[in-house]
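Letters A, B, C and D mark the chains as written, and numbering starts fresh at 1 in each.
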Amino acid sequence: MKGRQMNLYMSGPKTQDEEVLHEECGVFGIYDLDGGSVAQSIYYGLLALQHRGQESCGIAVTDTAGPNKVYSKKEMGLVNEAFTRSDLKAMEQGNLGVGHVRYSTAGNSTRENAQPLVINYYKGTMAMAHNGNLINTPQLRKMLAKNGAIFQTTIDSEIIAYMIARERAELPTVEDAVAAAMRKMQGAYSLVIMSPRKLIGCRDPYGFRPLVIGRRGNAWVLASETCALDTIGAVYVRDVEPGEIVTINQKGEISSDKSMCIPKERQARCIFEYIYFARPDSYLEQVSVYRSRLTAGRILFEDSPVEADLVVGVPESGNAAAQGFALASGIPYGTAFVKNSYIGRTFIKPSQSTRESSVHVKLNALKEAVAGKRIIMIDDSIVRGTTSGQIVKMLRDAGATEVHVRISSPPFLHPCYFGTDVPSEDQLIAHNRSVDEICRLIGADSLAFLKEERLIELSEGLPICKACFNGSYPIKPPEEDIRGEFEK
Amino acid sequence: MKGRQMNLYMSGPKTQDEEVLHEECGVFGIYDLDGGSVAQSIYYGLLALQHRGQESCGIAVTDTAGPNKVYSKKEMGLVNEAFTRSDLKAMEQGNLGVGHVRYSTAGNSTRENAQPLVINYYKGTMAMAHNGNLINTPQLRKMLAKNGAIFQTTIDSEIIAYMIARERAELPTVEDAVAAAMRKMQGAYSLVIMSPRKLIGCRDPYGFRPLVIGRRGNAWVLASETCALDTIGAVYVRDVEPGEIVTINQKGEISSDKSMCIPKERQARCIFEYIYFARPDSYLEQVSVYRSRLTAGRILFEDSPVEADLVVGVPESGNAAAQGFALASGIPYGTAFVKNSYIGRTFIKPSQSTRESSVHVKLNALKEAVAGKRIIMIDDSIVRGTTSGQIVKMLRDAGATEVHVRISSPPFLHPCYFGTDVPSEDQLIAHNRSVDEICRLIGADSLAFLKEERLIELSEGLPICKACFNGSYPIKPPEEDIRGEFEK
Amino acid sequence: MKGRQMNLYMSGPKTQDEEVLHEECGVFGIYDLDGGSVAQSIYYGLLALQHRGQESCGIAVTDTAGPNKVYSKKEMGLVNEAFTRSDLKAMEQGNLGVGHVRYSTAGNSTRENAQPLVINYYKGTMAMAHNGNLINTPQLRKMLAKNGAIFQTTIDSEIIAYMIARERAELPTVEDAVAAAMRKMQGAYSLVIMSPRKLIGCRDPYGFRPLVIGRRGNAWVLASETCALDTIGAVYVRDVEPGEIVTINQKGEISSDKSMCIPKERQARCIFEYIYFARPDSYLEQVSVYRSRLTAGRILFEDSPVEADLVVGVPESGNAAAQGFALASGIPYGTAFVKNSYIGRTFIKPSQSTRESSVHVKLNALKEAVAGKRIIMIDDSIVRGTTSGQIVKMLRDAGATEVHVRISSPPFLHPCYFGTDVPSEDQLIAHNRSVDEICRLIGADSLAFLKEERLIELSEGLPICKACFNGSYPIKPPEEDIRGEFEK
Amino acid sequence: MKGRQMNLYMSGPKTQDEEVLHEECGVFGIYDLDGGSVAQSIYYGLLALQHRGQESCGIAVTDTAGPNKVYSKKEMGLVNEAFTRSDLKAMEQGNLGVGHVRYSTAGNSTRENAQPLVINYYKGTMAMAHNGNLINTPQLRKMLAKNGAIFQTTIDSEIIAYMIARERAELPTVEDAVAAAMRKMQGAYSLVIMSPRKLIGCRDPYGFRPLVIGRRGNAWVLASETCALDTIGAVYVRDVEPGEIVTINQKGEISSDKSMCIPKERQARCIFEYIYFARPDSYLEQVSVYRSRLTAGRILFEDSPVEADLVVGVPESGNAAAQGFALASGIPYGTAFVKNSYIGRTFIKPSQSTRESSVHVKLNALKEAVAGKRIIMIDDSIVRGTTSGQIVKMLRDAGATEVHVRISSPPFLHPCYFGTDVPSEDQLIAHNRSVDEICRLIGADSLAFLKEERLIELSEGLPICKACFNGSYPIKPPEEDIRGEFEK
């Protein structure tokens, strides 16, 4: 055992919400060739991507025409808590910048680990924002360390930065260095990189995580999702392709390096981006996330119909699929729950001894809508199952005569190594349990999951990763669970 | 005009959201006769009432069996920001307590003005939480001041406390003093009062603001809305009647004083509690708020039908009426907007010069759902109208071919003096404008409001106040706008 | 008295420093007749008075020419922590104002209890800052409460404000009301009062606490000590006399009401102002505090001489008397201790189990100065005695061959009811102990106190209160210890 | 060098106090071989070293017996502001640790640049605290960057860490790697390093900055000054010699590597450690700092005597030399100033337009002591001279009839590159000015500096650096001023 570093505030950083999967990150980059200030646009872009990560956030900008200083700020918490008007004011010189929102799947939840990572290296300054998880981190880290690297964080991005910095010494351009680094990196990554006078975006060859290109006037934009383009008034140009490196230079020219691309059939987009992670108003590779969820609802109806009086979604993520089910079945769509919209990530959880429960603090059933009715309740997934049971009971207590649960994804059976915090197998309710057993556990009258073979319809044919359902990983996963390994 | 007091932080306390009406307060009280700790229950009760006020909050508790000390904390901000676990820990002795969430319609938005107001007087300590607005504040204040009263806040509650304290000197019980004070108070008030060993609740004779009674085991609960009962696992007992004073004593006996009640036909519940303020899962005097909004949607369809492909609500408040319209019309209900749920009350508003807009930061249209469709868009009210226009445009930009707006209340024409911040007449879009003119202003294809004569259906026959629509005030309003007068 | 109010943060507010007496307050007032801004001057005045109270502070200002609004801010903590540049900016309209620094001897240490107290009453707004302790508080409070008063704090100042407000209803001017209130108040008080367009200062008839008048150009200043005048560049005019009320009106006229003055021989200045509380650069009634302490040192030499090599003071308060002893004796004065000047009021105290001690964190003996020498160590007082013992030991550990302790005040034997937190008798080291016993307890080679009969030399003949030494109280003290009674 | 990194909060981080020189850092390390917790001792050690740096501070600890995790916390501000009881609690597992207090002379004043620097490298984790300034930073940084290093801070320590990490790959022990790195480093450095199970301390060959070894029971201690040993109850063992590397291993064995030592006559201790930086109760290489200052006072009397009535020091740093002058001359030592001890590093500076001045807020002359007297005023140095002028005037305003200024160091004429922020030449009052001219500028009756040739008496013969006085640098300084170069 060698030495490992741990931050003081590590103890208990992450309040693991039992039934919610977390995406790890959202990234944003913008380069205004007219020299306009970009800090505000990054701020609004990050607000739009906040659903992809709520633990920490950061912005780094530079002025490509002036002295090319980098101004950056990173903080724990939400974007609108972390940045003040004077922060944005202090960054208003910058016409090139990147931003990041983070939920940590690898690396501790600390300020040190917040992104963008801003570094100085041989060729100047670089700021990088990363969405995804590398799976050969230990090997890369060991290799770098042998050559004298020192690490001050526990995030993959630091390793990526090293890789690029080392390659850059030998290669003519930073984008070449990125390409060379990509050849050594394995796993999921969508990156936006600000080098002194270039904005670079790239996606891993499998395309696990999304990355889109937009444009607003003479400004180029990179973002995890199109909803961030909408917010800042940019128009969608195209998606960065899996394996592609896109570079926008100081003249506003955009160039592309596809040398790392692999055959389309080997690509492996995370299907959960469509099912749950992305915002419904986003389009990922031109597939509407909302449409994808309507489709999931329709499929659930086609494969697992049931007579009922009302179709409801578990808010917010189940609503679109519920609408799809309602449209397909003709059963009315309705609202069965009121969600407390003022409770953020943090509130004081009821203790065991009190008569209150976390679920009741967040949700309340709408008796008026539910009483005396047979309900079809749609949710996007079941992870551990405890919350599902409580919600089913809530509906029954509100007078529902039947509760039929439909899940718009197959059962989770395997951990994810590519940027989603699906827990280890023994914590998954579907592990070693039949659908009937799960149905009994959560107290539903019937239960059905979306069938694995129909998932491809959600991405409208784009090749996807289904490893968390069937264990067939696009890249051989590491022997042991390396997530967070470095800190343990 | 003599001296007036102003707090340092007065300047710019309230970010007046252009198109949103604000309720002023939510109140909560609980008395556990078994001596159980109540601070946590108040905390969860206030979380459930947070929609009634997001500026400041407070909790005060006492232990009726022990030394009867009062522990209290008041802060600016949301309940889950203001209270820490150790705050609740420090209050865990208390088995009797009251809580408050506030949006200021009278009195500045400052910590000093947060509630509950905790005072010492001749008979011990009293804590009070108040929802509503008195309209004879200047007269009462003058009368009290003449007798040597000093004022340290600018809230009505301080005046009410004085009134009760003065009456108490002559009268045998605190509830008698409350009754005597009520005889002198004019306006809207739902109060919960913690006296050393009693919990008291009362409503003004008109019943402007709600107040319900609940029970959990051997604990009595008072709350603005039933949703707070649900959250803490209490059952609904009944509503406090307009004009009634309800007292729970140390033996757990509940007594009622109805001497201040007026004939039912003169009662004047605020209809906006049903239309907008209350949470849809609440029942006010046994009328479901959700059902009331479905009814509003149905009425809009009956009175102002239109052919269309989709009925949508402006989130969140328009959704229930939209569902009512959809059910009545057979036109499918759908979702047309994605609301950014991570943006709280405060984010940095785009400046004029930037290309972003506040509305786009908060809302995005769901192109996929809207494109090529004729849309009926339901909202609860139009105040100034600017936001409505932006939302209609957002739908058109997303491809809607027609946008028909239906509003589940009549046009605002008159200010409210009873606890709602309807602005003065010249700021109201409906002032001196026909419906057609408004329709043109907001860019809709058609526009209809709910008719005043049908409002009574929303309260299912309970007498209501419609003054903001027709100017017919249940009590003669003050000659000049006294709201905030004291601080100006 | 049944109900009592207690603030959440009461538990453990005051870290009672074992061996240090605390003054309760400093007050400051300024009226710029030319209309100049006074907030900055109050800020610097309070910085100069910070030694009189470090728990909380506050400033209130008004503009006598303009709309006469009051701007105020009160916070826990030191003046330079509590006020920001933008706070002062927000108050820059004010040309009349008062300020306060507080150490709580009565009333809890909470934000609610910070001063100045700003109130509205029949005749407008009043802000008041108070130094001292009333001793008939319970009777006054009861009397007021019977007439319907409500109390929101636990400080005497609220009672004084009530008294003035009530009298004002019957009397032509606010200064008359102050005079009438003074007739009913018993105890120690130096007050500065800002009424809408007047600045008023008064001292109780015994003159327990100081109050001086200064002038800077066309601005009048009131302050607890002359050092505050020096800081803001004002010149000393005269002291407010015991029992006098001084009023500065809008024309800049200063008037005086001496109707409450008592015969000079009954006056009773707190002698500890000279011995310890006041800053050495201050003059109280034209007696230099520094000179007074030099005198104390000389008297100690005259009455209790001893052969030694070095005279040292316990920093900071013992240094001046040590210089006086050195000058009188011819024994060299030196420095024996280094005090850590970066440790504020709060640092993490060593736990019992660790090898560090609080005294060693704050002080270190200067071995080089002390080793091999016979030391005379001068301190201003001994309260509980534990720290004295540790310091004597510290000198011996540093190589002192003899340690002779001289104390520039007589032994404490009785509690103080007039604004100093001398603890109750059983906690005083001198209670039931001879000087020899104390000497042995603290491990000194010899010990002598300043003789009670010579105290009058320190005030250069001005009548003083010596009750804490001889129990002869100028006013009959309350039967029981009322300090903090209201909160308990 | 193109790109440079700048932190958001760079703008205006450092409030450069006009007349005060700043030391850059204090370091502390402790290794308890019995496994006892060290976090509290580091905390108290840093409190004792706080005078060496008040901008930021940090602690890192590890448990050598257990899992060897590193817990660390770094914050802006003072030690007693930055660390809470629960911080220390969270670190209580550690029995080996290092701490740091910082005033930035190189590297921006930001949280990122706070120390100790905690890094992971090939051989585990290392934490390092550094006092001093390298002068070949640009060359080293360039060399490292060429080999692929990335930099996340702008502090020298990051470069040192890299150097050690790179050497460690080839060498058997970490202390060997430290030695190899030292061979390449030029400049001033006293380092304490925590490697997984070793505590290492080293000083540069010239011995610019101090470092002492102490012991408490079975715990070894390293600290910048002996005063930190006193505070935690440790005994002084010896100083780390210039050029020496001292290693304490897991068995408690201490070893020494003196291969980097240079001939004693080439050593170059910073004489300002004796004159100003170090605490008077510290011993540096067994020379008492207090004694050194007494000596300075005596020399000033010997070389520049003057008739006067009183010798006073400018607090605090001038006091010891003033005592030395008094003892030598027989002229009484006294106190002429009262310093406001509640004003920390930050208070709101008076604006030009106000009548207050910063000097008067911090200091007040003691009229009583000064009036009518001829004063000798001793200060440790004059940098820009403006404050000196104000203080001389303050004495005259207080009635001093003559003011003779004596400075316990020679005039500053050259910048320092070794860890002191002596400003550039054109800002120095002595630049191009005779002593007479300076005397006139500050308004003194006479002025004398300590002669350069007598400085060696202050270090009692230990070789010293006098470059800031005579420009004779022990190492050739860089061509241009590199201080802060990287950030500019």
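Keep in mind that, in the parts below, a residue touches a chain if its C-beta (ideal position, glycine included) is under 8 Å from a C-beta of that chain, and two chains touch if they have at least 3 such contacts.
Keep in mind that this is a model prediction, so the values were computed, not measured.
Across the assembly, the mean Cα position most removed from that of chain D is the one of B. Per-chain CA centroids place chain A at a distance of 47 Å from chain D. Our note on geometry: chain A versus chain B, Cα centroid distance of 37 Å, whole angstroms.
If you average the Cα atoms of chain B and of chain D, the two centres end up 60 Å apart. Looking at chain A, one finds that none of its residues touch two or more other chains.
Applying the touch criterion to all chain pairs gives A-B, A-D, B-C, C-D. Listed in rising order, the residues of chain A touching chain D in the complex are 1-9, 11, 62, 67-73, 87, 90-91, 117-126, 142, 145-153, 158, 161-162, 165-166, 169, 195-196, 486. Residue ranges of chain B in contact with chain A, taken from their complex: 40-41, 43-44, 47-48, 50-51, 54, 78-80, 83-85, 88, 216, 227, 230-233, 279-281, 288, 290-291, 316, 319-320, 323, 327, 332-335, 338, 340-344, 346-348, 350-351, 354-357, 360-361, 364-369.
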